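Heads up, the next two complexes both have subunit A, just with different partners, subunit B and then subunit C.
Take a look at the complex of A and B:
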């Protein structure tokens, strides 16, 4: 009886996808991405990088060791904090940052879509709407910390939101306009096999990449957590597991954005054609999408080795003066493509 | 972009300096204490008041690593202050102690032999390069550029190894002593220096590509933290920070000591006075230091076997010490150095460290200890720059300005 209920809950496709792809894959991707980030940065900087946690794997398990340490570390909660938001913000923020996966199709086979085909018509809009929520919890975490550095960090995050949010949405909508559908499955299928929108509409693609870098505090936009002025930004007062949740949240969001980019700009499961059955119809295409998302995550992570960080006003300047026109041009290009029927 | 400094609620006093009395600032400012427990502060505290994101008032609060250098210098003889004073700037050890040694030499009336002078210059310039690279590393990580941090720290190792080969110690060498230096170079040493110079010239090109010409870094530094030429003169700022603002002052040029008057080198001067200009000054100084090193090792190769310590010291050597000096080219310190008495008098020693001019005033009453050692370090004179360079800039400019000033708290606090 109880097992039936549990099975019904876990078997419900959105829940299943959030748990397995959302939590499971994004944890795996975080491990690989952080390892890659450390290892490539080390290579550029002429040193070894992580090594001792697992010498045969080249230190791949270093992040696992880190996470174990965080998990067993004492969580120090300062006396002055606003307790409820201080505890709730990192946890809810992390959960919400994974939620977009609940509506993302990993295959063209409607049998394995997380939502019924009617609801899938709006999957891109729903996913984008959910991606705009987590920053609110970062700001809340900073405010609840009752620490000047945390408040300034939260404020910077709020500034950065105004910079990237519109750009990201416009960039994704350029593809929706070109295809004429908000259905992620239709968008991905329209690009099969090699008509990828990163080639057809590089303007929107570039704008989205910059917006994602801003959104997830990647270099050169690592501004809210800028160590040399605001210590750890909104997360200054956090320790132990709560800190790990906060920092992991950025990688998870990067991965979720990576999935959306893989579906809208990189052809999703293309050049593979999903077939029948759980293996050919769901597992293989979802792995292809994940690998593409991983490539996006790694490319953004690599910027750490090359760039310093911009000043806050310079980042906003770039967003509004350079990237927003870029996104608008991308949208116009998408509409033109729809008009001439290229896509 | 350059020269676009807002005088935020400020007026100029009779010296033409920007001053902002606290009562003139709006009430809704936000006071932030940056340091001493802060990843971007070093061993000091900067108290800033911000209006929104703009710093309206900055107060450098120094003294957290004060170690009573001057007082300790009065109680432990004439030789032991040398390793003590090195602790002010351990990566610039020879530069910071040489003026003290020279002041003591003046009181004693001895002068180091020619070869010892060249050897001192050799270590001074190696230290200068290493100290500038250290500054670059800190600067890089302040701007979030971890690659610059790792590169500069790694390449600094080359010069530390050279110093170790010369003196036996990586950082605190205690190399110059009154009357000369403690060691001579071995035969392969000049080639090691030339190899290091070749390597560093190649690396500076890499630095230029990745850091100095990086659009992100450039936009962070250009027009930021401008200190005008007039301000530099009025505030008494020294070293690369003064030369970045167009003041061509360098003790090596103004009052040549050791053999700097026989060497051919230039003093890089930039007019802009912003963080980028100060950075460029340091890059050019590394290049000039390498030119000096080339000339010094050429001279040292031509004049092998000359004495490295004054004969007033070496004449008192016993047979063992003489053998060590002749065979291993090492000048040992004698027990009599520990109880050395220096004739009464007063002397000034000046020198150009990596961060600017250091001045020692040494007074002797003819006893076992210095009667007074007064030290004015370059960082102590540059600390005031925070107060005038920061206001009007964003909070995010603080690390850029701090790093460009290359301020080193242990040196300032003494």
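Take a look at the complex of A and C:
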């Protein structure tokens, strides 16, 4: 009886998709992305980076050691904080940041879609709606910390949210307009094999990449957590596992956005046609999508080695004056493509 | 007199094309360094930098040549070298008399080599290495006996020697070196 209920819960596709792809993969990807970021920055600056923990793996185990340290570090909770939001915000923020995976199809085979085909019609909209939620918890964490650095960091995050959300959504909707469907599976199938929207609509792609970099504090826009100005931004008062949740949450969000970009702009499982059965129908295409998402994450990580940090006003200037018109142009291009039937 | 009102001017914004060009150039430079970094970190136990001839390493005294002029102690800019008086038996007359010899404090020495340069009889000389391990600070006061012995060379001899050269484009680069010579 109990086992049946557990089996029914775990066998429900959105649940295991969130647990395996969402949590497991994004944890792995965030470790690899942090390692790649440090290693790339070191390489471009002609240093060595993490090395001695495991010379053959290029220091990859260094990050595992870092994670273990965070896991066993003492969690210090200051006396002045607002206890409930202080504890709840990082946990809920991280959980919500991986929730969009619950509605994302990893294959064109309807048998393995997480939602019934009727509900899949709105999967892009649902996923985009969920991706806009986690920053609220970052602001809440900063506000609950009762610390001036945390409040300033949360305020900067709030400015950044208002700037990037519209751009990201308009950029993704350009593709939906071109295809004429909000169904992520239909969008990905429409690009098969090489009609990728990355090539057809580079304006929207660029706008979305910039918006993702802003939303996840990637380097030119690493404004809420800039160490040299506000100690760790909204996460100043956090320590131990809660800090790891906060910092890992940004990389997980980047990975989830990477999955959405892989599906909408890079053709999803594009060179491959999903077949029947669990292996050919689900595992291979989901791995292809994950690898494409990983490429997006690593490309954004590479920017750390090249760019300095923008000021808040420069970032908002870029968002409102350059990237928003870029996203609108991308949307117009998508509508034109739908009109002439290119996509 | 009232202060002049200052007009705040903002730097003129460049054109969009300049901005795009600058960003692309930065990314291309980053990619170039990413693909061919020419790292110059000295991976110490696996590599050690080969020291050139005439390297100003530890300073050793040849007691037979010393004429007790104290020029080394006087020129020492960090007051690391001091003269001590010890009794010496004169071989001709057989009488015992006091003679001055230098001793050195390697806590203070800056390895400038002035003492070696100023020594009129070349009683002081450099050994061409620098990596010597001490377990406590008092070992770095050398008495007259220690000052005449060359210290044990404790660098990473199991690694490979490298040397640093000036490169036109990259600045400093690291190249493998031949040991010896």
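As a convention for this text, the second predicted complex is superposed on the first by the 343 of 343 C-alpha atoms of A that agree within 3 Å, B and C clash if a C-alpha of one lies under 4 Å from a C-alpha of the other, contacts with A are read in each partner's own complex, and residues count from 1 in each chain.
By definition in this document, a residue touches a chain if its C-beta (ideal position, glycine included) is under 8 Å from a C-beta of that chain, and two chains touch if they have at least 3 such contacts.
For clarity, every value in this text was computed on a predicted model and none was experimentally measured.
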| item | value |
| --- | --- |
| Overlay on subunit A: subunit C relative to subunit B, clash or fit | clash |
| Partner chain(s) touched by A:56 [first = subunit B, second = subunit C, both, neither] | neither |
| Partner chain(s) touched by A:43 [first = subunit B, second = subunit C, both, neither] | second |
| Which superposed partner A:148 touches (first subunit B, second subunit C, both, neither) | first |
| Partner chain in contact with A:79 - subunit B first, subunit C second, else both or neither | neither |
| Per-residue touch tally on subunit A - higher for subunit B or for subunit C | B |
| Contacts of A:311 with subunit B and subunit C, given as first, second, both or neither | first |
| Partner chain(s) touched by A:302 [first = subunit B, second = subunit C, both, neither] | second |
| Among 241-249, 259-267, 313-321 or 349-357 on subunit B, the segment whose C-alpha atoms clash with subunit C after superposition | 313-321 |
| Residues on subunit A lying within both footprints (that of subunit B and that of subunit C) | 44-47, 305-307 |
| Touching residues on subunit B, where the partner in the complex is subunit A | 30, 32, 34, 38-40, 53, 140-151, 154, 210, 214, 216-217, 219-220, 394-399 |
| Complex contact set, residues of subunit C against subunit A | 16, 26-27, 29-30, 33-34, 37-41, 43, 170 |
| Complex contacts: residues of subunit A adjacent to subunit B | 41, 44-47, 148-149, 152, 219-220, 222-223, 226-231, 304-314 |
| Subunit A residues within the subunit C interface of the complex | 40, 43-48, 51, 302, 305-307, 322 |
